[in-house]
Amino acid sequence: MARHWKWAALIVAILAAIVYPYAVRSYFLSLAIEVLIYSIFAMSLDLLLGYTGLTSFGHAAFFGLGAYILAYTALGLTDNILVTVPLVIIGAALLALIIGFFALRTSGIYFLMVTMAFAQMLFSIAISWSDVTGGSDGLAGVPRPVIGVGAWAYTFDSRESYYYLVLAFFLLSWIALRSIVGSPFGAALRGIRDNEQRMRALGYNTFRYKMAAFVIGGAFAGLAGALLTHFTQHAAPETLYWATSGQVMIMLIVGGVGTLVGPMLGAAVIRLLPTFVSSYTERWEIVLGLVFILFVLFAPRGIVGLLRRAVEKRP
Amino acid sequence: MTHRKATIFTRRQFLRTLGVTAGALAAGPALSACGATALTAAPAATAVPPTAALTSVPAPTAVPTVAAPSLKIGVLLPYTDIYAALGENITAGMEMYFEEAGGVAGGRTIKVIKEDEGTAPDKALEKARKLVEQDEVDFVTGIVSSGVLAGVRDYFDSNKKLLICSNAGANALSRGAKTPYIWRTSFTNWQPNWPVGTWAAENVGKKAYISVPDYGAGANTITAFQNSFEAAGGTIIGVQKTPFPNMGDPAPFITELAAANPELVYCFYSGGAAVTFMKAWGELGLAGQIPLMSSGFMVEEDVLPAEGDAALGVRSGLHWALSLDNADNAKFTEAYKARTGKDANVFAVQGYDTGRAIVEMINAVEGDTSDVDALIDALGGISFPSPRGTFALDANSQAPKQHIYLREVQNVGGALHNVVIEDLGEIVDPGDDSKG
Amino acid sequence: MSASQFIFQLFNGLVFSMLLFILAAGLSLIFGLMDVINLSHGAFYLLGGYIGLTMVRQFDNFWIALIVAPLIVSGLGLIVEYFFLRRLYGRHRHLDQVLFTFGLALIAADLIRWRWGAYVESVPGPDELKGAVVIFGALFPRYRMSLIFFGLIIAAGLGLLIGRTRIGAIVRAGVSDAQMVSGLGIDIQKVFAGVFALGTALAALAGVLGAPVLNLYPGLDLEILILALVVVVVGGLGTLKGAFFGSLLIGLANTFGKALIPQFSMFLIFAVMAVVLLARPSGLFGVKGN
């Protein structure tokens, strides 16, 4: 019975997402695009943090690399997403392979700091290597994406069309990540999160599993960075900065770690809350800080935890 | 939604302004005969330039305009993080002018909607969208960071929305990345550095070491100074690019500078980095030993009190100085100090001039902001007496054509201030990279 | 780089190292004993600096500021620990700690800007330490030189406290096994509270001592937090020795990086951290499995 309700809710949500552009003003459409992009980013981190127990504080490395690869190829080579998106995903996955090779030897807070170190090194390169990266000003003038070839080419130049493109990528990412965490592979990841030594004793090569999760998470983060760059038409070094890693981690914690709905809710709250609060008061940072503290004290499992409690309380 | 932050002028202020403006209009011919000093003596009257008043006497004050919708100005400036002080100064200067103008431009009540620029380009872009699409502002002004300016450039360009930039100086926006929809009331990074290069080679020394933060404005500073310095026979013996955004303790950088034995050091730091660099320079015993010259922002009035005596004798180029001798500046600096309790600085001047440029622009189109091209035409044509001298925009670079003043930090009556020691003439950005 | 230049840069590096040490020692103790990731440590640093600024302006005496500011800030630290942090202990609450302390840092940064404004503020050092000493014919500021001694004195003091006293023994035992300590009938809550107060006091002390060198401005809190985190992790969590040598390594690497490859001096710090952790996954002096 509950299963049916879940499917119904899902279908309603997807239908709502499809008609959304016709119901709201353009600014709210742009917010939705950002929330969807950051949802992909936050979900990709959740695969590491929530499902595998890898507290990465350097997830911006993949997000930012995705942004720069996209800007670079779209500006110099092609704006066709059939080419650019695979390039971005391969690039981010390769970077994850390299960082993971080193970082996965450490654990806990040390892992957190090593991943941050790699992201900060990339940030430093992005700032200094200005001939390639545009330095602190980044790469501007990124065109809107194109799909298809020749006469069947379509340009996503309106905001509505771009929204649907992002929505499609979001749904694909969600389905992909959902099937990953639901597979035996996902079960193994959760096993590593809960007790890595036991998994090793059971004969699992936990390093390989963690590496696989790290690479998949990195690839999706790269995709999110690329989608953001197409939307803002600008790749900025800030996408690589530790504050970006911090922001996505906060999204995850606020939304609820270890679920795939949590990251979306968290992305929505963290992206939208400052926007609305700052329209009312210049002291929006205090409000944001207080909200965080309230979450920690009263909703330790994030928004998802709150919702679950509300559902369970009902007779 | 945004009412609590919006500056709305009261009806009484508005009516009073109408009265004053009407009176000034009646005296229009007399005012224009009196020239600039008379104009500045009656600030509300300056809201309408005499020429416009003469050609279209009734328009700005005609009764129907009372019902005109308010003029919504989106202000995107940093109010948090490292650039917060700059945002506050620009805002204070701009709001000061709006009040002087009675809160009215082109017969419409001015309504300011402020948003936080922050430091991240994508978040600032989201704020710009909010201002343009949700608040439906007539145009946007602000932007301190060049990185943010690069990030919002395409949005204003493709949406054909006017952005009047009141700080960020990236050369590119006047050159390769120029768009008709972004104009600057501030400066280009090239402007304050290029004329100083010539002056330094002629008056200070021929061997210079440059130290700047490793970001866009730093790179603009290097090329501008190097171009004119070398043309005047100087040699750059070294360039030091320090990490951005966080420099940390500058002592190791300064030690290297000193060891290279330059005849002068030229640098550009701002905010916390400027103070930290300058104080370490003094503590390491180099103040007065190696001539230090800089882009004017490094020793501007916002950081000078914290820098202290280490800054004494530093010479810099900028488009304004606190001691600049003209009537508008005297009036402005006094009023600003009375208003904020602090000495004015170049950012406040930029805010003030931006406020006036906006009012003049809106007056020129008689409050009609529907045609962005007409708005841009009006903006390009304005000219008025400003604390920095005459304010006018260069149509090619879409930035002010303005005098650059060579200033020296001196002890003026017990406090450190910049004193103008030479006017380096009117400097207009070439609009291309031909001069660095 | 000539020999005299090298010596001079060495002193620059030691000054920065000692400042980092005072800051990082508190963070390391809190990490090591309480297993708390404290992202508000930078905010306590900045708050200490600003309270010091007010004290210096009020009493025109740096030494009063140096004593009073850490006391006030450690009082705030106690309040934070007693009312909030106490509910968030334990390994499985790491993410809650991150969110809580980051929220606290946001609030603190905004309140500081509210109270002290967004202008850069400088704090004059004590009159007794004005002027400079001569090193190889070049002037080295006396205040900066004295920071090296302050750092060493604090290191020695903390070393005695942790290594030689009963409280220190409890803290050391707590770092390796907090449960065992409470099993011995010791009120570990009180020890935690004390260590958190000590840690925040050290942050504030660093804030006051660092203000004449690095000044005070919005954003410095996060800038300094990142450096402190790097030091603590490089040295190894929870060991004073680790914080000390981690500070030396990072401080000197940063200084010589600035001298030799200025553009990549930030890069170098993170590269050093990555290399250290790859060679020793628990930092230089960290206990394995922490």
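Per-chain residue numbering starts at 1, and chain names A, B and C are given in the order in which the chains are listed.
Quick note on the criterion: a residue touches a chain if its C-beta (ideal position, glycine included) is under 8 Å from a C-beta of that chain, and two chains touch if they have at least 3 such contacts.
Just so we're clear, the structure is a prediction, and the values are computed from it rather than from any experiment.
Chains that touch both chain B and chain C are the following: A. The most distant chain from chain C is B, comparing centres defined as mean Cα coordinates.
Separating the CA-averaged centres of chain A and chain B is a span of 38 Å. Chain A and chain C have centres, each the mean of its CA atoms, that are 33 Å apart. Residue positions 124, 128, 243, 285 of chain A each touch two or more of the other chains. For chain C, the set of residues touching two or more other chains reads 110, 263-264, 266-267. Counting partner chains per residue, chain B shows two or more touched chains at residues 80, 214, 241, 243.
Contacts from chain A toward chain C in the complex involve residues 49, 55, 102, 105-110, 113-114, 116-118, 120-121, 124-125, 128, 242-243, 246, 249-250, 253-254, 257, 283, 285-286, 288-293, 295-297, 300. Across the complex, chain C meets chain B through its residues 1-2, 5, 8-9, 12-13, 15-16, 110, 113, 117-122, 124, 132, 138-141, 143-144, 212-215, 217-220, 223, 227, 254-256, 258-259, 262-267. On the side of chain A, the complex with chain B involves touching residues 25-28, 30-31, 34, 124, 127-128, 130, 134-138, 140-142, 228, 232-234, 236-239, 243-244, 274-275, 278-282, 284-285.
Across the complex, chain B meets chain A through its residues 1-2, 4-5, 79-80, 114-116, 119-123, 125-127, 129-130, 133-134, 146-147, 150-151, 153-155, 170, 172, 177, 214-216, 219, 241, 243-244. If you check the complex, the residues on chain B that touch chain C are 80-82, 84-85, 87-88, 214, 240-243, 246, 248-249, 251-253, 255-256, 258-259, 271-272, 274-276, 279-280, 283-285, 302-303, 306-308.
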